[in-house]
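Labels run A, B, C and D following the written order; every chain starts at residue 1.
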Amino acid sequence: MAAPFPIREHRLTRRVQFYETDAAGIVHFSWYPRYMEEAEHAMWRAAGLSIHEAGGEHGWPRVAITFDYVAPLRFEDVFDVTIRVAELGTRSLRYACDMTRGDTRIATGSMTIVCVTHGDDGQVRSAPLPPAITSRFAVAESQS
Amino acid sequence: MAAPFPIREHRLTRRVQFYETDAAGIVHFSWYPRYMEEAEHAMWRAAGLSIHEAGGEHGWPRVAITFDYVAPLRFEDVFDVTIRVAELGTRSLRYACDMTRGDTRIATGSMTIVCVTHGDDGQVRSAPLPPAITSRFAVAESQS
Amino acid sequence: MAAPFPIREHRLTRRVQFYETDAAGIVHFSWYPRYMEEAEHAMWRAAGLSIHEAGGEHGWPRVAITFDYVAPLRFEDVFDVTIRVAELGTRSLRYACDMTRGDTRIATGSMTIVCVTHGDDGQVRSAPLPPAITSRFAVAESQS
Amino acid sequence: MAAPFPIREHRLTRRVQFYETDAAGIVHFSWYPRYMEEAEHAMWRAAGLSIHEAGGEHGWPRVAITFDYVAPLRFEDVFDVTIRVAELGTRSLRYACDMTRGDTRIATGSMTIVCVTHGDDGQVRSAPLPPAITSRFAVAESQS
């Protein structure tokens, strides 16, 4: 089956684990950025890539996130995390993210990442996004 | 000693734990919202309050967060998390947060929380911020 | 489809997430008990049960765990967590757990849980395991 | 001030954070191994050591843990984690751990670690415990 490059968005379906809940009986808000990252890494795998290869040349630090929380998630809820490529620049990549449980909007988020290389001197340096990677992705038409 | 009410900001000093690091050798970005919340809860304790009392009437869900990541944190780094009251509305409270390691800016963030009550019918309802709580806090002069 | 009760064991297949790794480049050891619990809860769902029902009468605190770590897991590894019912007493239930990645043994573990009820006075009391629950499970023949 | 070598035990005092609680209203059991490790790393710092030095030669994988859970911890509880050197072998080090909140026994645990080196070929190999490290520690007299 031909890989459907470029990838514009990816949907991850996920169940809430007990250790993700807190004493208010809902998923702790710090898990939502992790859910967004899980969807991101699944999107990279769908594009034939790994965002963190052992001995790899590049790193992808996160430089900004936002989250708006609309409705809670509870233990064993099944929900969707849809991540879209929102901007694809020469030095950064921005994602938009929707979380839903059935017809219920749970949250929206965004995340900006940049590319760095690890020099022989151990220093981390900003780098342009490698074309071999950005060519696998394209900006999603709908960002709603 | 008289409590220094109202509280406008609070500084938490914190050491990076090993389980907070990831395979890139730095603190995973999902910990920063937790650090911000730790500082918030310490500020509430400094104001003589607990944000989550067993059997308490009110809950304080988080409705929005933002984070900008400037420099990484590594295992055993000691750093400061300074949280300030940025807006104190009738139905929401917004914090601004700075994270620093010595003179190095690590990150800035913000978080907005609202108040809810748990009715006898088990339903969660939005509620105005209780004056007994908001009177303990005031907006910080400097938000930089 | 007839449910295959009683359930004696359950296998969960799982991928390592980035936030589960640490600065040594491997999954932090504190995640293995969480993986074991994920498999346990999946086994309960396979038995038509939820281990934590909203407003439910019973709770299932963990009273003992053990883990032996044999080989590491790394980012994006796919692995299996097989949990078995090892002992089914009147007041406690003990699981045995194997973790493998292909033919490689990753870890073995065990966990003992008990049953409690929440009285009207808010007190937590030890309780016998409810037959409606224990009848869904049986001790696995092989514990290796 | 002379360092009180060898170190036999270390006590860490710690407050429960909100994100450590779960929907049962208590600290999730997977946090106890992390608390034990926090105390271990604090004991190494008290011995003038870091268990994970950037570019360091040695690694200290965990090969076994046990935990017995006696009483729960709740949000904002302050508790003590006392870790002791229980066995100091040529190739492994075993700790015993007690957790208490005031006079209440919360949990007991144990953890065994070994030493590895990272060869130039990238292979991880078992290694004897370095005398420069083991000379800083001694077996605690009381293991109760």
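The rule we apply is simple: a residue touches a chain if its C-beta (ideal position, glycine included) is under 8 Å from a C-beta of that chain, and two chains touch if they have at least 3 such contacts.
The structure presented is a predicted model; accordingly, all values stated were derived computationally and were not measured.
Visitor: Name whichever of A-C and B-C has more C-beta pairs touching across its two chains.
Guide: Higher contact count goes to A-C.
Visitor: Please identify which chain has its centre, taken as the mean of its CA atoms, farthest from the centre of chain C.
Guide: The most remote chain is B.
Visitor: Approximately how many whole Å separate the CA-defined centres of chain A and chain B?
Guide: 24
Visitor: Indicate the whole-number Å distance between the mean C-alpha point of chain B and the mean C-alpha point of chain C.
Guide: Each chain's C-alpha centroid was found; their separation is 34 Å.
Visitor: As a quick test, compute the distance in whole Å between the mean CA positions of chain A and chain C.
Guide: 29
Visitor: Which positions in chain C touch two or more other chains at once?
Guide: Where chain C meets two or more other chains at a single residue, that happens at 18-19, 23, 25-26, 30, 34, 37, 52, 74-75.
Visitor: Can you name the residues of chain B that touch chain A in the complex?
Guide: 23-24, 26, 29-31, 33-34, 37, 52, 59, 61-69, 72
Visitor: Contact residues on chain B for chain D in the complex?
Guide: 17-19, 25, 34, 37-38, 41, 45, 50-52, 54, 74-76
Visitor: If we count contacts the way the header does, which residues on chain D are in touch with chain A in the complex?
Guide: Chain D reaches chain A through residues 18-19, 21-23, 25-26, 28, 30, 74-75.
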